[in-house]
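Next come two complexes, and both contain subunit A; in the first it sits with subunit B, in the second with subunit C.
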Partner chain A sequence: MEKKQMKGWLYLLPAILFLGFFLVYPLIDVLIYSFEEGYNFASQTSYGVGMYNYSYVLHDPYFLQALKNTFILVVITVPLSTAAALLISVGLSSFRPLRSLYQTIYFLPYVTNTLAVGLVFMILFRRTPYTDGFVNLLLGWFGAGPVDFIDGPYPAKMFVLCLYTIWVVMPFKILILTSALASVNQEYYNAAKVDGTSKFRIFVRITLPMISPTLVYLIITGFIGAFKAYSDAVALFGTNLNTAEMNTIVGYVYDMLYGSSGGYPSYASAAAILLFVIVLTITCINLMISGKHVHYGS
Partner chain B sequence: MKVTLQNLTKKFPSRGRKARGEVTAVDDFSFEIPDGKLVGLLGPSGCGKSTTLNLLCGLLKPTSGRIFFGEDDVTNLPAEKRGVGMVFQNYALYPHLTVLQNILFPLENLKGAAKLSKAEMRKRADEAAKLVQISELMDRRPGELSGGQQQRVAIARALVKIPRILLMDEPLSNLDARLRLQTREEIRRIQRETKITTVFVTHDQEEAMSISDIIVVMKEGVIQQIGKPQEVYDTPVNLFVAKFLGTPPINVFRGSVRGGKLWIGKENVLDVPGVSDREVYVGIRPEGFIPVQENISSEALREKSDADSGVFSCRLSGVEVMGRDISIVAVHEASESPSIRAIIGAEQRVDPGSAEVRFSIRPDKLFLFDRETETRISAVSL
Partner chain C sequence: MKETVVLDMEKLERSDRVRGRILKTVTCVGLTFWALVVLFPFYWMVLTSVKSYSAYNSEYIPKLFTLSPTLQNYKEAFTAVPLAGYFLNTVIFTVVTTALMLVVTVLAAFAFARLNFPGKHLAFTLLLSLMMIPNELVVITNYVTITNLELRNTFTGLILPSVTSVFYIYLLKENFEQVPDQLYYAAKVDGTSDLKYLRKVLVPICRPTIVTITILKAIECWNSYVWPRLVTDDEAYFLVSNGIQEIRENGFGRENIPAMMAAVVVISIPLIILFLLFRRAIMAGVSRGGTKG
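Our next item is the complex of A and B:
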């Protein structure tokens, strides 16, 4: 018995070492940093232990701006991208000709570099001294005035960021949802059809419950992904996100560590822990709500 | 509800780029199912019986031909408007719904004048559940039920909307042997009680024979024979039907008719007056063999040989005692299969040690088929 247990631990060792070293240790370290007041990188010393870092972060207008941005991003992009992905995948699975072509097209953004996509968005939306950008050209045809989406008013910038995020996260969701839809046994649909079920009711009463585990997975990972957004904002608005009012929580953490005003690991840690708590809470709520409605098979 | 199929044909495009043309799954079907009967579509796999069922329920559209329910032409009606109940091979019970919700599902689809109140729906569902005896399982989910129980729920769901016709696709194939026997009685009972015209598909001839009012034997998309089970068994139209019905299967021999006498090998087995000289297949049902007792054989044989017919001898290879009857396994050089099998009553004695076994043949259990066309030849005496 002893020997068997030793063997078990031996097999677990590589995973434990890696996870401990790169996941558990940093997590604990960040937690400790976040409570050490006035930590100094060079001397590796601090004045004491307390809540000051949290208080500072929560009173920092840049953090509050980042928090607001992140929440808006999450609340808008997660439902919209999931709903749009569901719509497109249902369309794809009921549309036979050219299906694989469409699947490829919809999947292209997933394999495209974020910064390259950002560049394309810049070309579409940015105003320069020479041109108002492609989108403004379109807007002009409808009589709407040129809007500066990149350096202009806050709602315009938020709109572009949300659109960009949705566009980037959708391919993965479409891919997962089309395979989930394809895995629903055709016989259920046949049975429902013979029983005179309307298309809408088939979708609500059969399709949705059947793919609900996949949907929950996508929503939870969508929330987590959106809370951790950073590179999207950088791709559109550059690295100076605080001045652009477009920073996110992760962006704030980064700036606190390495940005031009950086060098404050304690504040960065406090912000990171705050993000962790938010994501954990939201995920728990998600799981609690979905637990009642999701069918995980028998 | 009477169901009429008129020249029904279904062709599928063949798969693959190289293969051209079409596969005919159902070829020019015409038959009528009388109201309130239980009809079994019987045939080996790939004979088009499931396609026929799907044409009836509207999941497939026929290439040509028409389908009538009573006087209504339903050929172009989509599945959801035909008002048929269907029990799928794997039951297709919605796994996320309870038994009650599953049974209610078809009722909740009703619209307009047919719409029912909650209480009425519940009443109908309870009645259907009672009919198939699953009243105590209403709150379970399909995953928590046994195969037989799931089968009953599927039947209840198909019956609850009081369908014009009930269709069942291999209803017993997912059940174990004991449950199969029980469930087929149950299907018979439910069909008798509801008097709904029912069509079911099976590849198991015993299943079809035991509960159908009418069986339809099919082969490669073509109807071979339609009739009452006993009629089809007793008067098969061709070799295929004769081979397909009956367990153990019929024994087939190569034989020939010469001058009104049937010869298998060197023996004159039977007189077949009126049959012209030709090469034939001889089918003999296992119960058509009567062993000739060796101790009385000298007398009987002389008589027989006077008549110069009626003896059929085989090399004995085994005797299987099964209690109710005895199965004799023997070998004959004219047989189409490596061994032949005869079933005789348990009271009769056969010496397992003897090298040869001699039979006389019951004429009503012997069929002649043309060697070329494989259709049955009727003789005056047969």
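Our next item is the complex of A and C:
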């Protein structure tokens, strides 16, 4: 019996080792780091314990810039991408021909390397002395002046970042929404049809409530994902995001840790914990709001 | 009286049909538009990669097609920068990480699904709560750990912290539990060991889920950027994401965009082929267990 009891733990052992060493221990450690003042990476010593790291981070203009960028990105991309994905999925579900082809195409960005395709976006949007770039060519057809979206004004840069983020997150949302739409019981629709209900009314009264749990799931994961934006920005603006004024919170964490501005794990930890607290708060707010409006029927 | 009703019905039906047709056209146009938006960057990268350096740089207004495609840029991509090295590193990293993840995940899922041992429920609850922890939070300490162990610029340092995936343990455990108990007891009566039962019965039955998590993990590994960037600064250990960033910032001399695009095409192709081969498994897998976005 004794041997048998140990067996379960034996099977778990590899997982425990990996998780303990690279997930649980770091989690505790990062908390400690964030409260250790004046931590020296080389000698691994610190002066004392306190809130100084948090105060430093919250007064760092680069962090505030990153915070602002991240919030703008979240506020713009989450609603837009969710709404667009909903529109496309509804369109797709009423569109028989080519459905499978379109589904395949829409999913492509999911399996591509963010850094690699970001480079393509950069080239499409960038304006150099040698060329205005493809997007400016399009803008020219509508009489709009050439804009440098990569090294130019802040709103233009933000626009590309949002657009690219949406491009990257759409496949997941479309996929999830299409399968949610397909699983709505057809009988509801048939009943509505017999009653002569209009298509719009069917959508608002049947489809939306039935898929509302999925929508909430997408909005919450969308918020979490957008708050962690980083590699999209690197792909478009290069690794020196602070100079480009395009840093994100996660980017700030990594810059504090590593690279020319790095070597400060304490500041990085404080910033990472602040990010975690923000994400947790927003997720809780989301859950509270959605709890009142979501239909969790069978 | 009756006739007017019939007429009205016909009229209504006709206007309904017209409205339906308009709606259908709008849907079709909208869907096609998004398909073009998705495909265009791919077209542009392939197009640019076959334009010659001089042709590309002489186009002040970019051309939407080329009449004289060249493969010169691909040659350049493999000779001027160590693209083949990046590629090989990524293959090694992806294969080893995914294989280790599979072993760890299958064993843990089996323990949770089939074995009874003290503390099992507590362990599982703890495991579930670990799912909430964002990677960004633990990466800092892992970086310090790997640096202190002097494992920077090694495959060990790259791979070990990337192995764990709490969610896949959960996903596979759920799947293992759906396999009827009778099979397990039958195997026990036959004197089959747990490990053999796992290998010969459970894993084959749950193959679809295992294929799914393998593919999802492989995609994640192939595209991983943050961790490799932190622990490698020696080009000999760069993965493709870091390679592409390095190429962008330092490679090919002055702004050789066509060669850059050739490199981008080369590193994008493996995943696109994988996707086209396992389209159903990948899409079903992502809708069950993917998170990105």
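As a working rule, the second predicted complex is superposed on the first by the 276 of 298 C-alpha atoms of A that agree within 3 Å, B and C clash if a C-alpha of one lies under 4 Å from a C-alpha of the other, contacts with A are read in each partner's own complex, and residues count from 1 in each chain.
Please note the rule applied: contacts are C-beta pairs under 8 Å (C-beta built on N, C-alpha and C of every residue); 3 or more make two chains touch, one makes a residue touch a chain.
Every value quoted in this text rests on a predicted model; they were computed, and no experiment measured them.
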Partners on subunit A (subunit B, subunit C) - clash or fit: fit
Touched partner set for A:N190, first subunit B, second subunit C, both or neither: first
Larger contact residue set on subunit A - subunit B or subunit C: C
Contacts of A:G225 with subunit B and subunit C, given as first, second, both or neither: second
Partner chain(s) touched by A:R201 [first = subunit B, second = subunit C, both, neither]: first
Touching partner for A:P209 - first (subunit B), second (subunit C), both, neither: first
Distance of closest approach, subunit C and subunit B, by C-alpha atoms in Å: 6
Subunit B and subunit C contact sites that coincide on subunit A, given as residue numbers: none
Subunit B-touching residues of subunit A, taken from the complex the two chains share: 185, 187-188, 190-198, 201, 205-206, 209-210, 295, 297-298
In the complex with subunit A, residue positions of subunit C that touch it: 23-24, 27-28, 30-31, 34-35, 37-39, 41-42, 44-45, 48, 57, 59-62, 103-105, 107-108, 110-112, 115-120, 123, 127, 130, 133-134, 136-145, 160-161, 163-164, 166, 169, 194, 219, 222-223, 225-226, 229-230, 240-241, 244-245, 248-249, 255, 257, 260-261, 264, 267-268, 271-272, 274-275, 279, 282-283, 286-287, 290-293
Subunit C contact footprint on subunit A (complex, rising order): 4-9, 11-12, 14-15, 18-19, 21-27, 29-30, 33, 41, 81, 84, 87-88, 91-92, 94-95, 102-117, 119-121, 123-124, 128, 130-134, 137, 167-173, 175-176, 179, 199, 218, 221-222, 224-225, 228, 230-231, 234, 238-239, 250, 253-254, 257-258, 265, 268-269, 272-273, 275-276, 279
Residue ranges of subunit B in contact with subunit A within the complex: 57-59, 78-86, 88, 90, 92, 94-96, 105-106, 108-110, 141-144, 157, 161
